[in-house]
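In the two assemblies presented below, subunit A is common to both, partnered first by subunit B and then by subunit C.
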Partner chain A sequence: MSLRSLHGRRIDSVWIATLSVLVAGLCGMRLWRPGTVGAATNSGSSQILNYASPEEMLFTRDGSRLYVLCQSGEVRVFNGATYASIATIPVGHQPRGFSLSPDESRLFVVNSWDDTLSVIDTHALKVTATWHVGMEPSSVVDDSADKYLYVANRISNDVAVLNAATGAEVKRLAAGRGASYITLAPNGKRLYVTHVYPNPTPWRTPPESEVTVIDARTAEVVGHIPLPSAAGVFHVAFTSDSRLGVVAEMHPKNLLPVTQVESGWVFENTLTLFGPAVGNKTVEVPLDDLENFAVRPFGVAITPDGSRLYVSCGGSEAVVAIDLPRLLRYVRAHRGPIVYDLAAGAHYVVKRIPAGHDAHGVAVSPDGRRLLVANRLDDTISVIDTRSNNVVSTIGLAGSKQMWSLQFGLQMFAGMTNAAPGQRRCKSCHIDEHHRNAKRMKLSTIKQIQALRRGEQAFYSGHYAFHGAMGCVNCHIDSTFDAMQWDFEPDGLARNIVDNMLLEGIRDAAPYDWSGVNPNLPTQGGPRTEKFIWRSQNYDVRTLADVCAYINSLPERPNRWRLPGGNLTPAQERGKAIFERTVDDFGKPIPLTNRCNYCHSGPLGTDHKKFDVGTKGPGDDSGLFVTPLLTNIALTAPYLHNGRAASLEEIWTIYNPQDRHGRTNDLAKDELNDLIEYLKTR
Partner chain B sequence: MKRKIHTGWLAAVLAVTGTCAMAAPPQQLPQMPHYRFVNYTTANGLPNDHVYCVLVDGNRIWAGTDDGLAEYEHGKWKTYTTKDGLAQQAVLSLALDKRTGDVWAGTMGGLNRISGGRIIDTYTQLNSGLSNNIVYGVSVEEENVWVATAAGASRLNLDTGQWSIYTDSNTPMKEIWVYGVSAAPDKVYLAVWGSGLLEYNQQTKLWDIYEDPDHELEIVLFKNQGLIHDIVSSVSYVDKTVWAATYFGNSRYDGRYWQNFLTKDSGLPSNFTNFVKGVDAHHAWFCTDKGLAYYDGANWAVYTPSLTTGKPEMTVRDAAGKISHISVTTAPANNYMLGIDFQGRDIWVATAGGLSHGIFEPQP
Partner chain C sequence: MRLASWGLAAGSALAMLATMSLFAPTAAAKADGDFIVTAAPVYRPLAELRGAERFPKGAQLLLVRDGKAEPLVAGFADSADASVSFDGKRVLFAGKKAAADPWQIYELTLANGSVRKVMETQSDAERPLYLPGGRMVWAQRTQDGFQLQSAEDGHPPKVPFLNPTAGPGVLPLTPMRANAFPAEVIADGRILFESGFPLGEGRMPELYLVYADGSGVEAYRCDHGRARWGGSQLASGDLIFTHGSTLARFTSALAHETPVAAPRAEYAGGIAETASGQWLLSARKAGEAHYQIDQWKPGAASLQTVLKERGEDLVQPTLTAARVPPRRFPSDLHPWNYANLLALDSRLSLAGNLKQAPAAVRLETQDANGHVEVNGTAPVAPDGSFYVSVPPDRPIRFLLLDQKGEVIRREHGWFWVRAGEQRACVGCHTGPALSPENRVPEILQRSTTPFDLTGTSLHAAVQHGSPGGTSR
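== the complex of A and B ==
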């Protein structure tokens, strides 16, 4: 008996698809694609609620296999030609980077929140070892000799050099702040490391970034390629002859008021070219054009023949296709800076290819005919024909669309939608299934998760800003912060400069903004953002709610300075005592309001109130600022409302001369060090 | 690479001197190393003639001067100044992280890290946990950078970013002027001006102190029974042996026995010693205010321009105390010696009048 005859209603293909998804969910089956929805990472009902969130991809040299790294904590293995699923391999928490050994027998995955590296046997397709690495490992590369593994640690700003056979750490090399992405040049001689947060510079000066160059033979830093004015630097790609390197980066202009977005003067999205092909100098070229920004360039790939350069732009949900020979001719023909010429792209950009939400990692097939783009927030991979530059197919990894179908189908099944009066509802015949499903799947949970995904998509999208110029994530890189200071209000140049804050754990941190002007997150993220930043359009009610839900859902990443079990080191214990002390080093009582833990109280380290701690600068209208959270404060230099303090130490060694920011001038240097060691554990 | 240089140097010296002068034929002049000195001053590229310290980094030479950090490579000088991020123009101390190739420079205004040809970090007493901006000494051991300052010692853990401070409040030191530091995986030694030698046991995390048995007297009542004097200016820990320089003589301690060196009964040209660097447990170089001295375990050689005429001098004192003057045509740039490092068989010497490259000259 067909469904149509049973219910006496036309059932179109959408409904059939939806119902099949629903039934599969009810039955614990995975009809739409086995093993694609977080299958191996979790158990129980949460299995089918995970998003895959594909981030990075790798082809084997012969193109027979495609590895997809998913933020859900797994590596998906596909046939490289047909994309048929071969396996799903669970790894650690929040994996961020992976690479193959030179003989392709091992796949290395770094798990950014576990501080581990998973070693996968590519024959057995399972994890055979898990090695401890540094703080927030974000990429891993095996050198061509298979002697060393290089791991970029985002929090400790360095590159760990590991014995490739044993995982033992040999040493760490200093890299840029927020070291994140490593690329080995095709000739195997050098590694190039980028970083997502700018290196420290004097206050109110342009940001600076770099590509740190490591000699693969000696495993030593041998140079720095300067990236002036860049902040938020992501992948590097090389031509097959290693003569040209291309860096994807953002070029913020944070010294100007953000209101200048109307003039295209907040973020520029650029590439930096380096290497012999451009005369061993660096050339920064724009990806944007006047009314069409290429927001947040992330992944870079060059076809083996060097004819095409592709750049994924997550905020624009697009891939920019560049004619590389034309770009090089243009660069060689022009003297002087090109980066500020927003008409330049017309000379080398051949197409903007639509992709999915937060178009992320890219991979070119070994034959150069296909470009794959991981659409992280759509759970899909776009397959682009490099001859036509058209998307020719989309690989679904199960995610938001399937989740939507699941919810929609469940609603229909339960009779909540689409049931005409007098028509029978599914659940009337399948009561047991409905009850079982209700227990297993929790409709409210599905709704919530969908809202979070929608909110995350909006958060990562540049769609809402004037000319699509930027998204929330431009400043809150990977939903964190950007280590920069911004001029938001239309109150004149360099007035009321504010330091960007970490978003983790801010759910209960109202009021928002350093001034405390926003009583809740919808005000901060809605009217305020729309007025001072987007200057283009409002969020609709649901989108604003989703964005806020997403921000509120952001968990605190693990604190690397806390000992297991919550114990404190002796220095941290001493610092805690200073944080909580009631008398100073001279035995004098410290007034209640001048103790650290008076304002920085509670689990978040804030009392949510405004105080004047003597940090008002010449550009500030007021000296009253809301007590900031202490959550993961070790990561978020610089400090104070305007970012004047380059380090935690400077808060008290320089900017607390009158003891208004707590009684600290009685402290000896070692006591201040102890206090800071304790603060790092918050 | 660095290990090869070290052992190569030792082999070279041993080859020149024999196993030691005690084995040399009686009345024969001990074969001490000979050098042809090439001196660098402002006349040929050095930013300032006052060179506080020198560091050999493979084929690259670093010189800490009164006016910046100078780097010499491929016959050319490059100078890092405060414009390049140097914490202060006067560079007092240098250390090489042999694992990473990074160079650490202690200045009169803080501590710098140089990596890949660029100053990438600046630590001061205001922006970091560094105890004081005047950095007299620096030494790198695994992931720890040990720093000798005018207000105690500091240790930076490069993996965690944690700073620890060691002063009179948590160590046995009585004064906090730490002039030198030498760190190794097992022990760390601090040279403390006025408070002797401090030893930190890396395993037990405990401190010990070695002081002059007769304390602050400038005469030596108890020779070879302890540190020669409490005003310790420099320390070098190598092959589980400590070499300690003071302004009133020098000492060697092998963990059990002390050996003191004074001008009156050794080849030291002066008791006033700014810097010491041990080659191994038995060989060491001493930078004094009256010349550069080398000790091979029995014999001494001193290299300096004459204090009176300025002419090059080399003096050898054998184990029996016999002094011989060797005819030489070159000498270090100045008699006031401040630092030394080794490059294979060659030496590089920091002096108050320039940087000197002692090119080893085999003797027939």
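== the complex of A and C ==
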């Protein structure tokens, strides 16, 4: 069996076919929800099996208590010194951020897929209120006066200002695209908001991001700290005197042809320093060095004495330890840009500390002696001694008791299966409970769950790229997309520029690639990725199957433009009629193939076929592109195969002059608006 | 040249070993693991780079097991250059059945002592190394000097080497008129090799890297000017090599070498890092005539003698233990008879940045006799970028020209690109530490068709990218 190969040649691809079968088998069920794995029991009832997936951590001021926010929909509460478990508090779906009130009596948790905020009484250790907030709330911070709560909303690109007592929304403040993480400076005066998707810029110009600065007292935006060339900006940390802020970010090179990976050719991983400590300017410094990359810097923490700066790097499964005074001396002494010098880190990086899969949130103990790192995809927390910069212990955070039992039961079950006749592998009856749990669930189901976890680990790892320089998630932030366009090498330099696609719901969207050349995910993610993206030895067969299974399992996030119950607003109804119309505004029949719902048909909004809709650019070899999915299309600007259309409107107002991309030039502006309102509900 | 049949075996080498006692050196202290060394009455480590014989009085491989040394193979007049497979089961080596024979590549199976001739060549074939993916690399004497060549090693699993120019046969990797010898296959899958600096014309020993398909050739670091050779990679990723006669290190964090504070001695070639982190190395102390094998714990004040033999140089220590294979490199060469090169900003150089962009870039090549030929000139955009098609698999170099056509900068030495290679560089000799700026080069905004400097009339085939369908 052969498939069309990466260069138009033919290669033996029996293994790809085998993989396809494996992936199909693994994806017999849509199991995955971020942080949770749902599975049907053999009794037919549905239950949710949780991996804990710790994301963020907080110490109380006295260090007596440690809160751990878990993607599984829980806040775990531990003794801050011994890490003994105190409580587990269920919250909403996909919690992403949390913070304590100034008096530490309340813990606020934002649930990103519920659009809610859970208020936890820290004495009673239970949720006492649930408030509705904006679209995909991703972090929350209480101001030092306990007057306002600030909530960053990833989808609406803003910060909601809430009354801290009642949860009533006071106002919205515009922030960057994909607003996600808020940090209150230690002096309590200002809040700093980052965003994970770059702000719109002209086509084929560098992405731009910013830190939105908010006056915590007046709840007004008072400034923007530009982060030129950054895309994928995460946490901010401050020195205790608030004179230095540090931003963790990625610095993509999407305007260069991806001819190689080494020397930061595709991504750099950087910090931006700002504040009086660096002369009130911004200085971007690399975290990478020549052959080791610090992939996807996420969490940032500074010890109270300002001696150490720690950055978790999820893709490298490591924490970069930086001598902060040395970094500041180097920055102050150095003239000219530092960011492109991969040897700069030798002046300030003191150690790369191994951590777990997708090392995520970090927290320094109040005495500064311990750094905790949440290893999201290992269900562990690494405890690092800040004097030796060594991991001194690891806290295990099994998922729910049930999941832990099932995993244990699976191991025991396998052991029994392999035992010789008459030989008893299980030592005692105290594991019977695990056996019963295992029996309640089909073994194959448990294996599916574990395969998805392995796939997610590989998806988030930078291990497979040359020099460990990047992972899938670099371009598919939080398993979504990056709002950027890339220039892959095999079809020429600066040719066939392609816009990145949202991954959610692509399970049934084959063929893949805008050109449709890849018939299935194993082809897309296997040899193609190995040769032209990783440029290094790729996954083994099982891991590739796991990665594909994980991608296939990604569900669509809730569509915020749909009304409850699936009803449409009048504008959306009008737009739907336009989407499905057969005659234009002049009463002329629209040819079948030029109707919206001809190509954008079916539940995904695609017929999986290639059409030339007149969008071929001078750098494109062909005008034929696979009809893209309409899934959550409101989120995924820019549009068209090459990202030329900055908005949905531009698809038809600029890039459809000949009506080849559907009959639209007869539409009035209001009608086009209606059409777009409907498309947003897909 | 042909590959020998894989089943060829020399038979009962173990039995022959038992009868041999040519070498019976004893170990002074037990090494941290079994290893193989080359014993030679005379060892001239850099002789071959300069066209002479490194073992003018012959050499023989010794296996040092549990502190006891014995010949590794029997029936060879000479043997050297042991390279142990990643699983620790086999050993590639260079051998001569008779002293007058050319060096050839053989493979020993450690479990049963069987030896097979891996390939048959008319000239010397030396310094074999295993590559991941079922391939191997070695140095082959050619009319242009020793060149790196690669081929399948004959063992499964064979990973398809998706490269139109590389099949099961021999793949030349270093098309230049100079000697090159493989030193190590490093963890990222690239081949570390020794050659002169400037590459293709100089005599100063220097360390270079090349991908397993011969593409991407570059110096390991660009702080040239020191004689460097014999590199070995540690588990940490650091590269230890001989600098002059002392040891030095390349580490990922730095763009230049740093000294290794090893005890005072004259060191020869690469080292072997044991499982406990100690180094086996070949050294001779002041006043001693021959190299011996010492063990050193980094940071320790002294060397511990492991193996010493009167009248013999003991060199090339190689552990027999299994080790983590390097990453396999997936070749992405296109089926072209040319190569494309993009420079982002030719103003940038470690030699000092140019204040103004050059007006043009000239490509020079060497013909079969080594004569320099001018292939043509191409425009340079105001941002310093240029994009050209060049002839593959032969020495090339760039010269930057001003508006008057005067040369304002000339590349040190020569390099090559493989047929079908498409590669970019930040500037002209900027070194691996300089990461590129994220911007579309102006030259690609003018045209996505590379300027033809192939010097042939075949450029009609040069169309931005590969013919036919491609997959991104």
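One rule holds in what follows: the second predicted complex is superposed on the first by the 591 of 682 C-alpha atoms of A that agree within 3 Å, B and C clash if a C-alpha of one lies under 4 Å from a C-alpha of the other, contacts with A are read in each partner's own complex, and residues count from 1 in each chain.
Here is the rule we use: a residue touches a chain if its C-beta (ideal position, glycine included) is under 8 Å from a C-beta of that chain, and two chains touch if they have at least 3 such contacts.
Here the structure is a predicted model, which means the values were calculated and not measured.
Visitor: Once the two structures are overlaid on subunit A, check if subunit B and subunit C clash or fit side by side.
Guide: After superposition on subunit A, which the two structures share, subunit B sits beside subunit C with no clash.
Visitor: Looking at the overlay, what does A:E291 touch: subunit B (first), subunit C (second), both, or neither?
Guide: So A:E291 only meets subunit C here.
Visitor: Report for A:E104: first if it touches subunit B alone, second if subunit C alone, otherwise both or neither.
Guide: Neither partner.
Visitor: Applying the document's definition of touch, where does A:D670 land relative to subunit B and subunit C: first, second, both, or neither?
Guide: first
Visitor: More residues of subunit A are touched by which chain, subunit B or subunit C?
Guide: Of subunit B and subunit C, C contacts more residues of subunit A.
Visitor: Considering only touches as defined above, state whether A:K531 meets subunit B (first), subunit C (second), both or neither.
Guide: second
Visitor: Which of the two partners, first being subunit B and second being subunit C, lies in contact with A:L493: first, second, both, or neither?
Guide: After superposing on A, A:L493 lies in contact with subunit C but is clear of subunit B.
Visitor: Please work out whether A:N254 is in contact with subunit B alone, subunit C alone, both, or neither, and reply first, second, both or neither.
Guide: After superposing on A, A:N254 lies in contact with subunit C but is clear of subunit B.
Visitor: Which partner chains sit in contact with A:S515 here, subunit B, subunit C, both or neither? Use first/second/both/neither.
Guide: second
Visitor: By the touch definition at the top of the document, which applies to A:D341: first (subunit B), second (subunit C), both, or neither?
Guide: Only subunit C is touched by A:D341; subunit B is not.
Visitor: Between subunit B and subunit C, what is the tightest CA to CA spacing in Å in the combined model?
Guide: Here the least C-alpha separation of subunit B and subunit C stands at 19 Å.
Visitor: For the complex, give me every residue of subunit A touching subunit B.
Guide: Per the touch definition, subunit A meets subunit B at residues 134, 156, 158, 170-174, 199, 212-213, 218, 220-224, 561, 571, 634, 646-647, 649-650, 653-654, 668-670, 672-673, 676-677.
Visitor: State the interface residues of subunit C toward subunit A in the complex, per the touch definition above.
Guide: For subunit C paired with subunit A, touching residues are 132, 160, 162, 164, 188-189, 216, 237, 252-255, 327-332, 334-335, 340, 342, 344, 387, 422-424, 426, 432-441, 444-445, 448, 450, 463-472.
Visitor: Using the touch definition from the top, list the residues of subunit B that touch subunit A in their complex.
Guide: Going through subunit B, the ones touching subunit A are 99-102, 113, 115-118, 120-121, 125-129, 131-132, 143, 151, 158-165, 167, 169-170.
Visitor: Which positions of subunit A touch subunit C when the two form their complex?
Guide: Those residues of subunit A that touch subunit C are 4-9, 11-12, 204, 206-207, 229, 251-257, 259-260, 262-265, 268, 286, 288-292, 339-343, 345-346, 349, 466-467, 488-496, 498, 513, 515, 517-518, 523, 527-528, 530-532, 534-538, 619, 621.
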